[in-house]
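Each of the next two complexes has subunit A plus one more chain, namely subunit B in the first and subunit C in the second.
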Partner chain A sequence: MIGARKLSHEIRRLLSERITLLFMAIIATGAVWYSINGSGRTASDAFIVNAAKNSAFLGALLFALLTLLQFHRDFRHNTNDIILTSTDPIHHQVRKTLALICAAIVTSLLISLFALPYGMVKTGSYFQPATFLTAWYLIFLAALVFAVLLTSGFYMLTGHWETTSVIMAGLILLSKLLESMHANSEYLLYWVQTTAGNFSDVITNRFQIDMLLWNRLFCLLVSLSIWTLGLCSFRRCGLGLFSSFRMNCSRLWIPLFLTSSIILSGVSYACEPIFDDSKPIDYSGMIKTDTGETVITVVADTPEVANPELMLTEKAFDLDVSTKKRTLSGTAEYRLMNGSGKAQTLPVQTNTGINIDSVVINGIEGKATRGETGENSTANWRIELPSAYEYVIRICYSGRMLNNNTSDQRVTYGISDGYIWLPADGITPHLDISVSDECSFYGNLLLNEKLEPFFLHGNTIKGGTRNGKTQWQYTGSPDAMGISLFAAEYMTETFEAGGLNAELKYFAKHESSVRDMDAANVIKAAIDYFTEVYGPLFYDKHLTILELPAYFSGGFAGGSTSAVDETVFSPKGYIPAESPHSGGGIDVLVHEIAHQWWGIATMPVQDNTSFWSSEGITCYSTYCFLKEYLGEDYVQENYINEWQHNWEIYKNAFYIQHPEYLEKLSDKDVSNIMGSFQGMKLYNIMPLMMLKAEDALGGTEALQKKLSELYMSHMGQLITYDDFLAATGLTEEAISLE
Partner chain B sequence: MRIELKHLQKKYKGGKTAVKDISLTLASPSLVGLVGPNGAGKSTLMKLLTGNLLPGSGEILVDGQPLLKNEKQFKSSLGYLPQEFGLFEDLTTEEFLDYMAALKCIERRTAKSEIDRVITVTHLEDKRKAKIRTLSGGQKQRVGIAQALLGEPKLLILDEPTAGLDPAERVSFRNLFAEAARNRLIILSTHIIEDVQSACDMLIVLDRGEIRFTGTPDELMKMKNVSSLENAYMALMEGRDSE
Partner chain C sequence: MSKGIVFKYEAKRLLRSKEYLLLLAVTLTYSISLLRGIVLYGVDYTAPFSGLTFSAYCSSLTPFLLVLILVLCARQFRTSERGAEAIISSTGTSFQIFRLIRCGAVACAFLIAALIPLAACFVFYGLVFDYTEFGPLLLTGILILIPQAVFLFGIAMLLGKRKSVGIYILLSAVIIISIFQIQIPGLTDIIESTPVRTFNGAEYNPALSTVDGQLTFFLLGTSLIIASLCQSEKRY
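Showing the complex of A and B:
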């Protein structure tokens, strides 16, 4: 009670000070300004998350300064002489820190008075309370709290305001600098604004919130460690650092708290539960882009399997997904042929978060041994098989998805109550062996009744209910590694286009936007156009356009599915975009549909000498459709001008003009520099070359005719640059931009 | 309350010895005057007595116990006015005293009457609602004295309490301290001999960290055979450089 009374007086004292009120007012004004002038890819980002992130930077800066002023002023003005003689000095430092944290809470609450109604009005039906709370309390408020803890900790530790100022300015700016550089490799370290972004308007943001929660837990524990270290070092009785440390640590709770917080910081870092220990992907021979868009890279040869002596003939699974526990458990049964009949090692791959609980081989219990983690969240397992010509192997597995810790540390895979995305080796363990052409693959999936599954390859039929969940029956192809499972509350619109049964699967919350945009007709028009211009898609009778969450940032085409993120379906002008050329909308939608012709049905293969790839021809195809659909002016502004602008940047780039300097650099530097130009080469320069090809051949129709011939003659095959030149009858020089 | 100083010594980092082997006993009720030239070690001794400094050697016993052993209990019975101090400028006089009353663990139900009492004795009634930043230097000094008096502490340590006060106020506070010393121990550090002569029943003269005299003011005058304490003090200090 006495402690609470002292704390309440400390809070009142702090909140009565003009400097505190001034700082709170500045932060609140900043928050209002950032809210009104926000931008982003989704309404949640533009009107809520980005405002909170920007305010967190301002708030952390000012609360660090306020903390420093509070602590240093009491020392400089000898206020401590009176105060610390009247009360316990250590308890007083604790109260001062808590009072500053309370001021931070009051600031957040005050800002919420504006930000909550503003966010609700601007995001409308897309408003998600969890997003608001995450933005303003998990990002903004937590940044202020960490600023208080770190500043007070460093001040008590060093005893110098100058040193503390430099440290805090460094920590804040470093966090900001790394965030702005998109150096996301260690998301736990970004304590101010975090790496949060691409919050969805239409589905749960559970995956991003998971990351933020762990980031905040780690940062809190580190901040508490530094603060407690400062408390241990608080100079008392005219003693120096070490004597004060010894004296303060005579209170057992302080060293205990310090030790606990340091240990827990380490544990929280080491046991980070979202990302795994994947090996970095070997990009040698592949292309790295700086655009953030996915480049489809066609692999020329069929990938080798680890044990070609074994052949899969049948695969069945029974998978139960718990959205409550956010885990899955399943059983997979495999039938294998062993040509030699000798004992074999069965290579198995799972997602790194999946554990193989038990193995039964031909009715006898076996053992799975986990080996090294590979690339792309692949855990490699080994099962020793006895001598036999045929095997029936039953594997029980369970776990929670882990994501690739390399690249940009984006949460892609996971299970939540509103959205599920599982990779192929997260659905069932993948056997790295040969697959028979007649191999069948089927299974049952148990899912929360409000979620509808969508497999990237294969068909799903809704069955009855089991254990209070809906059972879905799946049949598909077992050799498809990109068999990903998606599940959400989808709405489906089906229609005929280009002789195909097309369907648009979008998030239920996006119904009005999809209708307003007339998305189904855009898709139908695009499919009809490409079918007419290039030829029909033969490989499947179905084509699905699937909506993805905003965090995917872009789109992809795989199998008979073209997927685009939710920003495609935002009404134009509704969200203030970060860049006028940030893409999105109809362009991405058409681009991913065009990939069905160039990238899926045929495979324009990238090489290291030309700018040829599926991206260039897909961009060109998108341009052609939009020229007809939206008119010359639209494509001039959004395509040709943009391509030419980037071509100018490319040809004037220092290392392009002076390639001799590249010889002086290391291979890695050369690779990074040249890699940074790849986006321009694929997405801008190659389409410009196609325009030049149009001119050389006598117009759009002439080139499209040649492309149609190329498409029809290379169905299901690779298309090289030479194939393209041969089909069009053009030379490299004829379409060169130089 | 009984305070025993045993072979107390304090040396600062630069090598300067501020207090040299001081041993003495102070017991309530008493008003002890601590005088000495600038740099004599008065403030250092005060800080040692309040626990704001730790001695290099020797010890301070409060009622037989080492000072910092019962820090919490000791602080609850201590009122301290440092020579130089800062106040929270954005609080009013009453708010500041309320804040200090909470820090001193004065019960909520008695805090108000206690605040009223110290405001009255320090003549701050008309400044009760005034922000501290609007007070004059003398008024701030009175707020400092008021906070020291809060809770009627058994031990009052006042470092130059009348500095900055006008003559009338000085007399008034001198009387206040004399009155208060009837049932507690007050240690008054000052360079104003007048303050000591009229109010203190014990005088300690400190010079270069050492005690040059301990006794009553009358005893010092008698020793130096002069009629005023000021002259006795001057006589005591004369020729100290050659000693």
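Showing the complex of A and C:
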């Protein structure tokens, strides 16, 4: 009781000091300014998350200073000895720290008085309380608390306010500078602002919140370790560091607390539960687009399988997804043919978070052994098969999705109560063997009632209810084995376009936006245009446009689906964009639709000698449609000028003009440098070359006619640059920009 | 005691101080990450040893070096240092000379801290790209790093004589501008906050394009330092 009274007195004293009030007022003013002048890709980012992230820097800086002033005050006023002899020194430091944390809480509450109604008004129906709490309490308040703990810890440890201020300034700067460093930085190290971003307006942000929670747990444990170390090292009257340490540690709870917080910090770092130990991806096959999205270029060759002697003839699965526990469990049954009849090793791949619980081979229990982790969150397993010509293998598996730690530490896959994204090897274990053309692929999926599943390929029929969940029956072709599963509360709009049954699947919360921007008509116009210009998409009767969460940043095309992130459907002018050339909207939508012709139905294949790829021809196709749909001025400003500007940059680039310098660099650096030109080559230079081809052939229509012939004659096949030149009758020199 | 010995003693104290070593270590670590990042790739697709890339490298280091010089200045006005000054003023050594020696020691410590990352960059150029034409780059580096530092040093000396808390306010301002990347317009851009870039494809060297401004900073800073040295001393 006495302790509580003393603490309450300390809090009152601190909150009545003018300097505390001044700092609180400055932070609150900063928070208001950042909220009003926010920008971002989504409303949640622009009006809530980014404001909290920026305010966290201001808050951390001023609370570090305030902590320093409070802790140094007694020393500065020469009242240190008097106070420390009249009160318990350890309790005194604890009280001061707690009082400062209370001041941080009061500051956050004060800011909430403005930020909450402001966020609610600006984001309107997209307001999510979880996003607000995450931004202002998990990011902002936590940054203030860490600043207090770290500053007080370092001050007690060093005994010098100058050293402490330099350390704290360095730590705050480090958190900021991590953003601009080229190397991939651990998300756990961003202790002030975190790596929060691309928060969705329309679905749950559970995946990002998971990351933030772990980041905050790790930072809290580290801050507590430093603070407790400071408490142990706090100088007692006239004693040096070691004597003070011994004296302070005579209270058993202090060394115990210190040891446990240090151990827990290490454990929280080592047992980080979101990312895995994937091997680094070979970036030479990846490119960055102008809009910042990362895409993988078309793979030229059919991928080789690890054991071609085995052939899969049937695959069935029974999958139960628990959104409550955020895990999945399932059983997959495979029928295999073994041409040689000899004993074989069955290579199996799963997501790194999936465990194979049991294996039954032809009715006899077998064993799965986990090997090395491969690229892109793939866990490699091995099952030894006895001699036989046919096998029926039953694999039981369960687990929780893990994500690739090597690219930019972005959570893509996972299970939450409002959204699910499972990779192919997260739905069922993938057998790395040959697949028969007649292989049947089907299964049952048990899912939360409010979620609707969507497979990139195949048919899904809603069945009955089992264990309080909806059962979905899935049937797919062998092509569908490498596809992902998405599930959310979708709305579906179906319409006819280009002779196909097209459907637009968007998040239920986006209904009014999608209607307002007349998205279905834009999609219909694009599909009709490409069908008329190039020819029909007769490889599939269905075409789906799928909405993805904002964190995906961009879009992709796969199977009979073109997917784009939610920012495409944001009403124009609603969100203050971070950059006027940030792309998005109709451009991305049309681009991903055009990929159905160039990239899916035909496969323009990239080589290492020309700028040819599916991206160039898709960009050109997007340009052609938008020229008709939005007019010459729009494409001149947003396409031609941009392409020409990037061509100028490319041809003047140092490493392009002086490739001899690349020989002096490591393979990784060369790969990264050349990778930085990939976007320009594929998205800017190749489309410019297509414009030159237009001129050479006598106009847009003439080139499109040739492209149509190329498309029709290469349906389902690869298209090389030579094929393109042969089809158009042009030479490399004729369309060269040099 | 000879002035040389006092200078050596003061310089040694600064160079061995925790704050100096800590900041130097942070600056060097950051400079190495810059060399592996923006320098190796080249700013705006220019050469790693172009004026633009080197300017960007120096500009990125500026906040650290400015923080360093302000921290060194702040050391001069600590209560304990002021106490020592009171004793020194009672000796035969002229107080202005003593202040000058201390300023010299701070300048020397700063120059060492500034030259180490520049030298690291030149070694990097030599080893990786066989590039050895350091003359123009050195001029760029000096133009970016020195005038602003001299200017801030002058202000800090003047402020420190009156109220040492002024230096910490200045320090906070530099940190805030750096962290929040607040862009300061034109000639007043003392911490090189404006991003380095190319204009219409032509290389632009911010340091060389604002020589007038840099010279003004340098002269103003020098005047402020002289003024602070000449000012009559406050008695304790």
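Keep in mind that, in the parts below, the second predicted complex is superposed on the first by the 706 of 738 C-alpha atoms of A that agree within 3 Å, B and C clash if a C-alpha of one lies under 4 Å from a C-alpha of the other, contacts with A are read in each partner's own complex, and residues count from 1 in each chain.
Everything that follows uses one rule, which is that a residue touches a chain if its C-beta (ideal position, glycine included) is under 8 Å from a C-beta of that chain, and two chains touch if they have at least 3 such contacts.
Keep in mind it's a predicted model, so treat the numbers as computed, not measured.
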| item | value |
| --- | --- |
| Subunit B versus subunit C as contact partner of A:106, first or second or both or neither | neither |
| Partner chain(s) touched by A:13 [first = subunit B, second = subunit C, both, neither] | first |
| Partner chain(s) touched by A:715 [first = subunit B, second = subunit C, both, neither] | neither |
| Touched partner set for A:652, first subunit B, second subunit C, both or neither | second |
| Which superposed partner A:5 touches (first subunit B, second subunit C, both, neither) | first |
| Residue contacts with subunit A in the superposition, subunit B compared against subunit C | C |
| Which superposed partner A:79 touches (first subunit B, second subunit C, both, neither) | first |
| Which of subunit B and subunit C A:727 touches, first, second, both or neither | neither |
| Intersection of subunit A interface sets (partners subunit B, subunit C) | none |
| Subunit A partner contacts - residues on subunit B that touch it in the complex | 47, 50-54, 68, 71-72, 75, 78, 80-82, 84-88, 90-91, 95, 98-100, 102-105, 108, 144, 147 |
| Touching residues (chain side subunit C, partner subunit A) in the complex | 18-19, 22-23, 26, 30, 33, 36-38, 40-42, 44-48, 50, 63-64, 67, 71, 74-75, 78, 128-130, 168, 171-172, 175-176, 178-180, 201 |
| Residues of subunit A that touch subunit C when the two form their complex | 54, 57-58, 61, 65, 158, 160, 162-163, 165-167, 169-170, 172-174, 176-177, 181-183, 648-650, 652-656, 658, 661, 664-665, 669, 672-673, 676 |
| Of subunit A, residues touching subunit B in the complex | 2, 5-6, 9-10, 12-13, 16-18, 73-74, 76-79, 81-88, 92, 237-239 |
